[in-house]
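Shown next, in structure tokens, is the structure this report addresses.
Chain lettering (A, B, C and D) follows the sequence in which the chains are written, and residue indices restart at 1 in each chain.
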């Protein structure tokens, strides 16, 4: 069965259906989008059940010639890491549709267009993780910017156009650097064994270390911008601050993961030596991201920007885990990608509801919400706890794995990164105190609590966060073979405990 | 440059004589094109340059091209130029003062540099290369040779260029064509306008422009019985162009006095 | 009910209570408090059942452990969600569920007027569950879950009345300072895994013998940081006083009897680490000693009855931490003091709550006075607690505190004399400020505000106080008799043999009682008078002012952590705007600038374009010329 | 005689034509200057044809003439169109692109 093609095709069908619906019937568009995303989720679950977790190679491989004269194929296939990320994306999609039911109103274009964009984006989200042809990956990597650009610029708030342009240009710069590297790889492959874009073959390329370093940087900067790693992050607060909550969830939850996913799938496998060369530098950047993002989050006045900065801190952890080159760090990083999507989704969706009720995204405009809207307040608090990695919630498992994995090889980095957990408490509890606690301030007295639709939307997120906090094994069992394999392929073994006989 | 001077001194073939007379003339004529004020003069100088070039072609065994140069360029193209010149006003003379600041020095400096470098490069590229000459290629006659090439090796460009020519002709028509600004009125409409219009005064037609023996009277309004001019007797386009004359100039009284004076 | 599954019930019952009450919302308002109390009580019953089972097993069979499921497993990092019930944890289980249930009962009445009583009970149950997880976890990581869980519950309960901004701030402060401790704990776990390859108690205990002292010292210090955070020890002590913002039952349960003693539990549990790391152990002693005096000094200047008691708690935990730092001779006494302290301090807090209940939530002791007649039961139970904390025989504190003082004197070397003296001085100061509390509250003249009508609390409130009072009287002797607790716990610790006795026990007791007597007399001399000011006098010595300001702890934190932190944040926000994003925007501005600059060339004149083409051609040909030459 | 002399004169004429395009404002003169440049190029073609001894250059010159003819036709049509709307044949007056 052509699982991946089916998965990529389904949202497009949904988009086509939505596009022929009458413009006036907004409800039908929403329902069609919801049904499509749920269908995609079901297919993904079925695919996950068919996944052979012992097999560390690519699975569900499909390959169709696309541009034969350049050796370009429509080639897809997934390993465990990609599977987890696709699962994450397809779970998020229906939640975003449901949570942002009224998000598209007041946009520059019709409600219908909003859902078409979301569905097209979903196709690309699946494709970008599934592509095994470098050219296909690049095309989707860049094409993803288009729907997001319109989602931010068309349905955002504030200076949405400027933010969308900044996002687009920033990402394009990275993409172009990557394109240069991709072309170089293609040309070199022609010299060595015939032109190809197949990543498995490309990983066999012989390169001088200078070449490898330069090409690695091309890829890494693109992914660092996407991820985003300090100092390439400044597009994110603007974009997330202007985008509608649902778009922000997809932006931070899925799109940014392409960056960290790319670091594993492309940087490490294509350029193992260069990865090792740059590891010290990248680890420092990661640690800076963690602390810098946290401090900046503490200093924010706008709740959406605050969440964006927390994500920068979290992406620092993910990058740290990837480049720590231990199986714990790697598994932790992959698990972190999955968990971060949901904790950020919770934060953004709830913050979005708060903002749409209050009509402001400035933290100090809120106050005493716990008395007025207990369920909303609790949801926000819970999302915050997940973001600060409270043990028992899913992000703790991943954050701790990253820290432990890093500590065994780079104790100093891990110790500095651990300060992040104190700062996390601050950047979550400060807005919690300002917005939820204290006396109910004027303007907040008549806010409405969550309605049934919103409760249904947030419930699965909460459930995932709690269940994976206590029982992450199912996911870890899928992830572990793949990450262990990657670490081993790079020639690393986990540092052994330094037990000595006394 | 020295080499050039030596060669000039040494060559005394008829071709060289022709070249050293016509060449400087052509350059002077070309420079003149830039310097004269009136476009017509420019055009004439241009025609001269082209004829000189035709002579050069023929001198270089390009008989066909030489003839074509005269027929097509000096004949057709230059005529076209002159025709358009007439259309847009033959009398207008350009002011040669420059209006865009700094343009002229830039242009002249660049041109001098360009020309100097070009000559220098040419000197380096051609020095010591003997011309093979076209006697072999033109063995079957110049026209036959070109014709053979055109329809064998260059047949594809030839076809393409013919398409270009047709397109250009069409393009010129499209560009120069002026669509009607108003809908053409039918006869029926005209008669309705005439009889059911604002006034029935013109039902019998507008008055004809006045006819005076001393002037082509189409641009002079007719005089009404009371002696005042009737502006609507003059063609509208003449009026729009401002070519309508004052009919008082031709007042009968003035004419008669002048006549008397002559007597 | 098999033995193993019932371990889950211990935690599961209160956790279910919390879940039901929180998710059920207002629907459970009517019966929520009853359910919570019942579940806490049944957890206590399960605990007693386990105690009986355990007592009936031979010594080496007493600890039972249970693997629930595989929790985190990556490479060599394998952590199971497992529970461990041994002699040490059962003490805590009974203390937590026992005192916890009593406080549930107390709260039914105490919180009856509060519209959010259900939420309060949900938090209480959540706390019980988290605390049980903390003491039952079989690895440092499981403990960590409980560790942060109680932190969360503490945060929620301190900020229970968070509509008051000060209370919300207090809860945030507590959580953040606890997080500093948590950071220590997580680093300790990382060190354990990196050096020993395991994070379970059993594994670390086994590997500790094969691990370098440096690593163990590092781990020990990190554990100490963790303990300091949770147990409000120096230098992370500042949150405890503010934590009194929570409802009084919370102060009794969390900030006196159970949660704050988690640090003692952690160090005791990690005895194998500390025994092999003398430097870390010495630091533990130092921290304990400093806090002991520090807390006691703060206690002398507090007019807020709860804050006075909080300072006392800090000081008493200082005793316990000091004891744990003494090594094997101290562990059992630390636990013993912990248990007796749990009884008498919880009792006193509930007594304070009862007083407040009768005094319209007035906390200023200067506005109490002569309450003895109006609240006889409260007076008696509070008094018993007072005698216990002073260490008056035969009350519980006498046994436990004396043992610690004795151990301090017997720990060997010069350090012993110093520590012993410190503990004695601490006892004297304790006697002073506790007597002060007693006198200001129950003796003297009425200094109430108008409209206050003190009355005895309902039976639901005094019953738990009475039970705790009984505990305060008897627990010391019961645990001390025949070295019951020592023998019970000793299989867990490696004994390094008997220590020389520097002073005989009877001498120590005599010294301690003398010191107490001195403290009491000073307090009586100072406060047993008619004209106590209802507002604290202002013209006091600088020492008093210094102590009143909590020895500048908040000012210190503010000056050295908060302000620099805020400055750093502000600086970074500016940096972000000016430098990082500034450079990005600078590039954008450069593009726009060069664009508008070049736009001048697009002047619309064809001829200037032609000139540009000419210049371009010149450049090109010049390039060719250069290449050719 | 040396054929390269023709090349020099061709270069000179080309340069003069280029200057003319830039400095003259009358659209028709500008056009004539363009023609001059084309003719200069043609002269080069013919000369090269002679130097190389084949007729390719002459064929090219022929093509150039056709292209020039097309260009003249279209260009003059444009001039007429512009003249109609602006009553001027000065290229400076057709400067709507400027800000």
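One rule holds for everything that comes next: a residue touches a chain if its C-beta (ideal position, glycine included) is under 8 Å from a C-beta of that chain, and two chains touch if they have at least 3 such contacts.
Owing to the predicted nature of the structure, the values given are computational and were not obtained by experimental measurement.
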**Per-chain Cα centre nearest the global Cα centre, belonging to chain** = A
**Request:** State the chain with the largest centre-to-centre distance from chain D, centres being mean CA positions.
**Result:** C
**Complete:** Per the C-alpha centroid definition, the whole-Å distance linking chain C and chain D comes out as 93
**Complete:** Per the C-alpha means, the centres of chain B and chain C lie apart by a whole-Å value of 101
**Whole-Å gap separating chain A and chain B, where each centre is the average of the chain's CA atoms** = 68
**Item:** Inter-chain centre distance, chain A versus chain D - centres from mean C-alpha coordinates, in Å
**Value:** 60
**Message:** Quick check on chain B: which residues sit in contact with 2+ other chains?
**Reply:** 100, 103, 107, 111, 114, 118
**Prompt:** Tell me, which residues of chain C touch at least two other chains?
**Reply:** 603, 605, 607, 611, 614, 617
**Prompt:** Which residues does chain D have that touch at least 2 chains other than itself?
**Reply:** 18-19, 22-23, 25, 92
**Partner chain D, residues of chain C touching it in the complex** = 599, 602-607, 610-611, 614, 617
**Request:** Flag every residue of chain D that touches chain C in the complex, lowest number first.
**Result:** 18-19, 21-23, 25, 30, 91-92, 94-99
**chain D contact footprint on chain B (complex, rising order)** = 7, 11, 13, 15-16, 19, 23, 26-27, 30-31, 33-34, 39, 42-43, 46, 49-50, 53, 56-57, 60-62, 64-65, 68-69, 72-73, 76-77, 80-81, 84-85, 87-89, 92, 94-95, 98-100, 103-104, 107-108, 111-112, 114-115, 118-119, 122-123, 126-127, 129, 131-134, 136-138, 142, 145-146, 149-150, 154, 157-158, 161, 164-165, 167-169, 171-173, 175-176, 178
**Asked** Where on chain C does chain B make contact in their complex?
**Response** 603, 605, 607-608, 611, 614-615, 617-618, 621-622, 624-625, 628
**Prompt:** Which positions of chain D touch chain B when the two form their complex?
**Reply:** 1-9, 11-20, 22-26, 28-29, 31-33, 35-36, 39, 42-43, 46-47, 49-56, 58-59, 61-63, 65-74, 76-81, 83-84, 89-90, 92
